[in-house]
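Across the two complexes that follow, subunit A remains constant while its partner is subunit B and subsequently subunit C.
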Partner chain A sequence: MLGAIATPLSPTLALAASEVRVLTGDNSSATQRAVEALRTRLPRLMAGSEIEALSRRTGPAVYLAIGPAALRALVAGGLRAPVVSLFTSSQAFHQIVGSALAASSRITAIYAEASPEHQLRLLSSIFQRRVSVGVLLTAETAHLEPLLTQVARELDLEIQFHQVRANTNIVRELNRLTAADVLLAVPDTGIFSPDNFRDILESTYRRGQPVVCYSQGMVTAGCLAAAYASVEDIAAQAAETVAEVDAGHVPPPRYPAYWRVAVNDSVARSLNIVIGEDVRRLGERPTGTR
Partner chain B sequence: MRRGPSITALLIGIATLPAFVMFLVVSASIYATRVGEVRADIDERGRLLAAVLADGSRYGIVSGNVPALQETLRGLMTTDASIAGIEILDVQRRPIASAGTAANGGALVFERPIKGLAIDADLFDSSAPHGIGDERPKFREGPLIGYSRVRMSPEPLMKARRTGLLIAGLIVLVAAVLSATLGLWLTQRVRRPLGDVMSALRSIQQGDYAVQLPRDGQGELGELQGAIVDMARELAAARQELEAKVAERTAQLEEAVQAVRAADDEKRRLIVHVNALMEDERRRIAAEIHDQLNASLLAVRLTAASLRSRDGASPPAEEVDEAAERIDKTVEAVYVSARRIVKMLRPEVLDTLGLRKALDEMVRQYDEMHPTCRFRLLCAPDFPQLPDPLAITVYRIVQEALSNVVKHAQATDAVVSLSMEEDGRRLVVAVSDNGRGMGGGSATSGIGVIGMRERTRAAGGTLEITPNASGGTVVEVRFPWNPGDAAGEGDGSTPA
Partner chain C sequence: MQRHLERPPWAAARLSRRKHRVITIACVVSCCATIGTPLIAAEANEQLGTADASAVATVVTPTRLRQPLSDVPASVTVITSDMLRRLGITNIVDALRLVPGMQITQTSGNRILVNYHGTNSRVPRRLNVLIDGISVYRPGLSEIYWAQLPVAIEDIERIEVTRSPSSAAYGPNSMMAVINIISKHPADVDRGSLTVGTGSLGTRWAHARLARSFGSTAVHVAASAEGTDGVDRIDGQPDAHDTTKARRLLVRSHTRLGQASALQLEGMHVEGTNEIPYKSEFESFPDQRLRDDYLGATLTTQLSAEHELQLRGTYSKHRIRQEWTACFPQAAFLPELFALWQANHGYANAVLTGQLPTGGKPSDDMLAAQAIAALQALGPAAMQPLCGLADQNRVESRGDIELQDTLAFSDRLRVVSGIGARVQRAQSQTFFGGTASNTLYRVFGNVEYKPNSSLGLNVGAYAEHDRIVGWSLAPRAGLAFHVAPDQTLRFAVSKGLRTPDVVDQQARFTYTLRTSTPGPDGSLTPRFYQSASSPGGLRSEQAVSTEIGYLFSEPRWGLTLDMKVFEDRLKRLISEVVTVAMFEPTNSNSTTLRGAELQASLAWSPAWSGFFNYAYLDNTGATTFWERTQYSRHSGSTGITHTSGSGWRWSLAYYGASGNGVGESRYGRTDLGVGRRLMFGQARAEASLALRYLDNPRTTYILSGPVRESSLDHRFQAFASLRVDF
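Let's turn to the complex of A and B:
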């Protein structure tokens, strides 16, 4: 079990009225890194892995859920305090919270993935020409289609969608997008899984079709590039969201305001794609970070 | 009788059989090694091909690109003649693509599962926090998606290596022939000396020890030849020695037989002589009795009758006195005659005086009757009194010896000695003289001597007749003696 977390007072945010309580779903090093990043921004936070221990504390509070497991626990706990979901994808957030609670004013989120707009901006910057973008969607992510279409239009990109059934043979479904110059990946567990991701990469690579994805790990695994929000980016936006909540306004769930770019140079070289420094510097950084 | 193969046959066998066996073993070994190599090679190729195929066909199965898979399999079939067939199967082992034969037909089958390759990248697919996962993706084995199956036939590989196998076999055969030839050549060098050795051994077996072997052999063979010659020489010497011993023993045996025969002759002669003596003695005693006793008794009878035939008248006193005196003299003469006869039959003195004094009396009588020779008796103080049978034996032997001295020796001095050996276990009775000694055979083969020998032998003693150192003869008799056999104390005489 996660133990007690120190709560040193920080003069920078001493004015906050609500206590920030961070619920973790596990005790992994990644989670600890996230807590430490949050503590940098919110020094008085209380962190723990047991919701009962946190809920016994008195006084106004804002709960931060790190990851889907923590979010699921807070939702199930039926707390009345505001909840901010962090490090959970939009698909997972909506699966956990549901449409009814999502509409409530007390649960909000900063999604784990960069917004479709940021992803298409990155894509457009890489190719710097009108290219055809293929996107695989399932029923759970079909709601992204209008947003993606709008942004693509704004960026002068051609976009084509192919909706598939979840957990089908994605490699064979990719044959429907052979006309696309580049594949845009959006978080969807019905499409991307550890078992088929390598085959997807191999299939697209054989066709000379780069993939722009949504996490650093996917870039390392073989995608061309990704627009993503780092832990520090999310922590900075979380502190801002807590301030908003303290001010009496719970913002709606949203994509990270801060983001940056990851590039796999080997893939780029293999596909003969040149990615300039301006592309690598794309994104928004919180104040005080690089 | 010779049994089994000859040395030549054995040597030929020794020279050729190892080469033949070597040829068989090496050929079999080469064949087995080659077959093993082919099987190992096929095994290795099959496993490798199945593994490569499993890896290479993964994407074809996932993408469903069967024509590409089929083309890949056909291409693989052309790379190795040992590949009899290749199949790509789905999870239920139904063929997806295949090339070559699907029948086993003695081919070795290699199968390997085809599994997907999973990547644990940050796909936002788990309940762990999204977007903060490890940047380094982890690869792991994915789910089973099918099987690769390869059928490998060893026949093409064996066919390719058969020529090499044949050449290796020919090389081994040539080596075996060369080895056998060399063995035969070496055998030929050994065969003649060994044949000579065998001939020599057969000669020795047949008793001919005068064998000759050329000592031209080297090393142990030469040593063997030399040993056989030496052995034959030693056998010849041993045989000669044995024959000499046999001849010597045969001569000894013949001498013993002759001695037995001589003894038998002596006994026969002795028996005849004794019988004659007994007849003479009986005749003499009869004559004595007739001439002396009968005549005297008749004279007494006549004298007595003359006294009674006077018609009742008493004879005159002078006549009676005269008759009584005649009768007294006649009876005295009869007594003397009877005593002489008894004395001839058994020395009375022996019973009355004992052996020592009887001999003393005998020696004294000889000394009186033969003044030209001095007779003496030397008796050791510890000489015991002998029991009767032994005493009469000693008495008769001494009597015969002294008789011979008188008859033949022409001696001037004769000594009878009675003594005991130092250990007290033997009596020694010796009669020695300084006469002319044993001139002829009568001294040792006469009837008297035979009698002495027989008497000695009957008493368990030994008799030796040897020349005296100072001239003359020594008759020496030894009897075994047990002190418990003594007849009594004192001088040995018995009361008259």
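Let's turn to the complex of A and C:
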């Protein structure tokens, strides 16, 4: 048991060295739920929405930024302490951190969305055969193309991309991917917005084209399925990251290590897609969770 | 003149109908959802609109509820625009050859007989055709003009064919099947599209479409023109007179009215010409000019996630101008002979041919004496030809309004119900002596109940009050038993109806010649001596269908397999050839159809896909040979398609029908299609070449009297097209 406590990644041990300070961007119930999930993993964390109050505390610290507003505040605050961005998408993280990331190795992230690899693994498991996957990208997310191509190749999936220009009608751009058996959604505010998400889904419905998304909420909204990381998954990985940081190593920004599957059974049934229990059980769970 | 009086044979079913949208219960969101986790929402305050759950479904046609194939109480064939493109299919009729059990006979460029499970080739009027919910079935003479459907194939998103009686959802005239053609949504199409094509038989077509979005409104406008020179020979005579043309304009818009409502407007116009290849020594070709307009408006409101209301109004007007030159002896226009015909057909024919009629009633003898006296008064002029224009001009219209309510009580129980009214008119001096009209009211409903995950029950009915026929009721019950997640057993019993059309019930059939010289009655509009009036009192034709189906899906192969065995008992069939000389429709015929159908589709990789469709049909016990004039014991299609990553695609397909009907020939066709897709900046171009080989270049059929024949001089055909999307 002592050996287990003494592992470098043990959150308990890490806490002994650094104080974990959680900056929240708002006071919503969702944020509160995230803080509570973190607290179960990091019992002595300090949480607050004022960066000044947190930064007045003394001693070594690791800052956790919940959401993009908090991250933005921490980046602007110029703190020297390590910062771990949580619940912020990869696109938003890079937009906010930008050059600051290049200049500093103290800012890292656990992106909000599941990794493209996990998404494609899920997609491959659902269809159980070589299918054509269509992906819409913008200039902001074009960097994902090599990664997606590589993973698709490993999973024996065919993948096709269409890069949309700014200020175009995304629904019409879907026409460029009509040959795809399934669409893969990647987080990109240039593509998916509150204004067009419903239209995008309805357009794919009319074509009988399922969409695999990256969050549970999107599945609820009408995607076929998603690989996603729950709040508890993110919290568990955050605790591990804090331990790494406290041990002197700030890992690079990364996708959630823990993930699970959400399925919209109504959509699956309507599209005559049978999703078995083995697919639903895909993913990686933190120790002690289901 | 008898030849023209036959019922135009490519009729099908029913009057109006609508598109059917329904709430798919399950969760697809009642609340606002967010992109990403709730916390990601915080990053951009991303409150998403909820997707219209009703829009996600494999099929919408069979029950008006959007349902997956595994839940519908009928066998369904879905033909997507992608399939049409992959197979190089360029017209709707050829697309229907993909439907198991669909019997198709094309005897000229525009005489196209489409009948699910065949039966009577003279009057193929037992299926309904909807375009975005608007019926293109003409109520007056039960016609469907396949060559002049108001939608071009380039504008079609998919075709759903419910292969069983569907009167329980769409009312009388959806007796054997419903073909629901769903056009592309204005938000889904490219900003612009141009297509041109040409090929054998003088075939040529062009299509252009523009689409724009204005705020929450998406609009597209499409115009198209097409034509064909038709077959090469009819009854052995070269230069067959069957050129066919169509020009179309389609406007469709979709407006989102807030989060919960949407308004869809649609207008379609089609006009064209059909050369009719049959003439006689007395008459010229009775070519047709058509002009149709369709208007539709659908307002859909989501009262809650579980409750949707839809109000739909449609109006259509169909004009056919059909005039030809006729030259008959003056005697044929004697009013006295007209009166004699009405009393005794045999007497009138005898008098006209110089014979003395006998055996009739004294009143017939008296009228005969008057006719003979009039004939003698004309002297030698009686046999002199009187020439003028005869016509079968008609205008038919239909207005329909319907309110449909869809309510999901729970995950297990959904109900769709509605009421509607329709007014239809048919105006023709020749057929009706003026205007005939009918008003119909209806109420319908379908309940879907799933007591558990293994069982699904659908019970529905459609009751309609027709001012002439009275009430009719068409019920249906279906049970789906999900024996495994990927396997479903289906049992369904349904009743289909076809109400007698306006001609059947209200005909006042007379031909008037428009002449430049006065006829024997002194007028410039003398009346041909033959006439007919509908006896009335006809009842609806009826089909009672029982089917057992099995649906199987295998994701690893992309396989969907649907099989069914069925029995259709058709009763009270109105099978008679009705002409002005012989107009005696009855309900006295029947037949029984039994058989099995299989449809399988495979997509084992993004590059490869294939299909196999087969129907075995046994038409037994027909009480008249007419009900066996379109009948193939074996029919089907099979094919394979390949699409390469470099933009090339090819397809190979075969379509065949054994042609066992009376006077009916075998059909077989092999298609080879090749296409190449190219990108030019933001524009895409696709060039296609389709090669066809016909097993049998001759098509035989019965129209009336002896077997007739249409033939092509060559078995090979080639078609090429170019499409640009931008």
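Here is the rule we use: the second predicted complex is superposed on the first by the 270 of 290 C-alpha atoms of A that agree within 3 Å, B and C clash if a C-alpha of one lies under 4 Å from a C-alpha of the other, contacts with A are read in each partner's own complex, and residues count from 1 in each chain.
Note that in this section contacts are C-beta pairs under 8 Å (C-beta built on N, C-alpha and C of every residue); 3 or more make two chains touch, one makes a residue touch a chain.
Predicted model, so just to flag it, every value in this text is computed and none were measured.
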Once chain A of both complexes is superposed, is A:266 in touch with subunit B (first), subunit C (second), both, or neither?
second
Report for A:87: first if it touches subunit B alone, second if subunit C alone, otherwise both or neither.
both
For A:218 in the superposed arrangement: first (subunit B), second (subunit C), both or neither?
both
Of subunit B and subunit C, which one contacts the greater number of residues in subunit A?
C
For A:132, using the defined touch cut-off, is the partner it touches subunit B, subunit C, both, or neither? Pick first, second, both or neither.
second
Identify the partner contact of A:112: answer first if only subunit B is touched, second if only subunit C is, both if each is, neither if none is.
both
Contacts for A:74 in the overlay, against subunit B (first) and subunit C (second): which applies, first, second, both or neither?
neither
Common interface residues of subunit A with subunit B and subunit C?
25-26, 28, 30-31, 33-34, 66-69, 86-89, 92, 112-113, 169, 171-172, 175, 187, 189, 192-195, 197-199, 202-203, 206, 214-218, 220-221, 228-229, 231
Report the residues of subunit A in contact with subunit C in the complex, numbered from low to high.
25-26, 28, 30-31, 33-34, 66-69, 86-89, 92, 112-113, 126-132, 158, 169, 171-172, 174-176, 178-181, 187, 189, 192-195, 197-199, 201-203, 205-208, 214-218, 220-222, 228-231, 264-267, 269-274, 276
Looking at the complex, which residues from subunit A come into contact with subunit B?
25-26, 28, 30-31, 33-34, 66-69, 72, 86-89, 91-92, 112-113, 169, 171-172, 175, 187, 189, 192-199, 202-203, 206, 214-218, 220-221, 228-229, 231, 234
Spell out the part of subunit B that touches subunit A in their complex, as residue ranges.
58-59, 62-64, 116-137, 139-140, 142-143
Along subunit C, where are the residues that touch subunit A in the complex?
24-29, 31, 33-44, 46-53, 55-58, 66-71, 80, 82, 157, 185, 187-191, 211, 213, 485-486, 553, 555-558, 560, 603-607, 643, 645, 684, 725
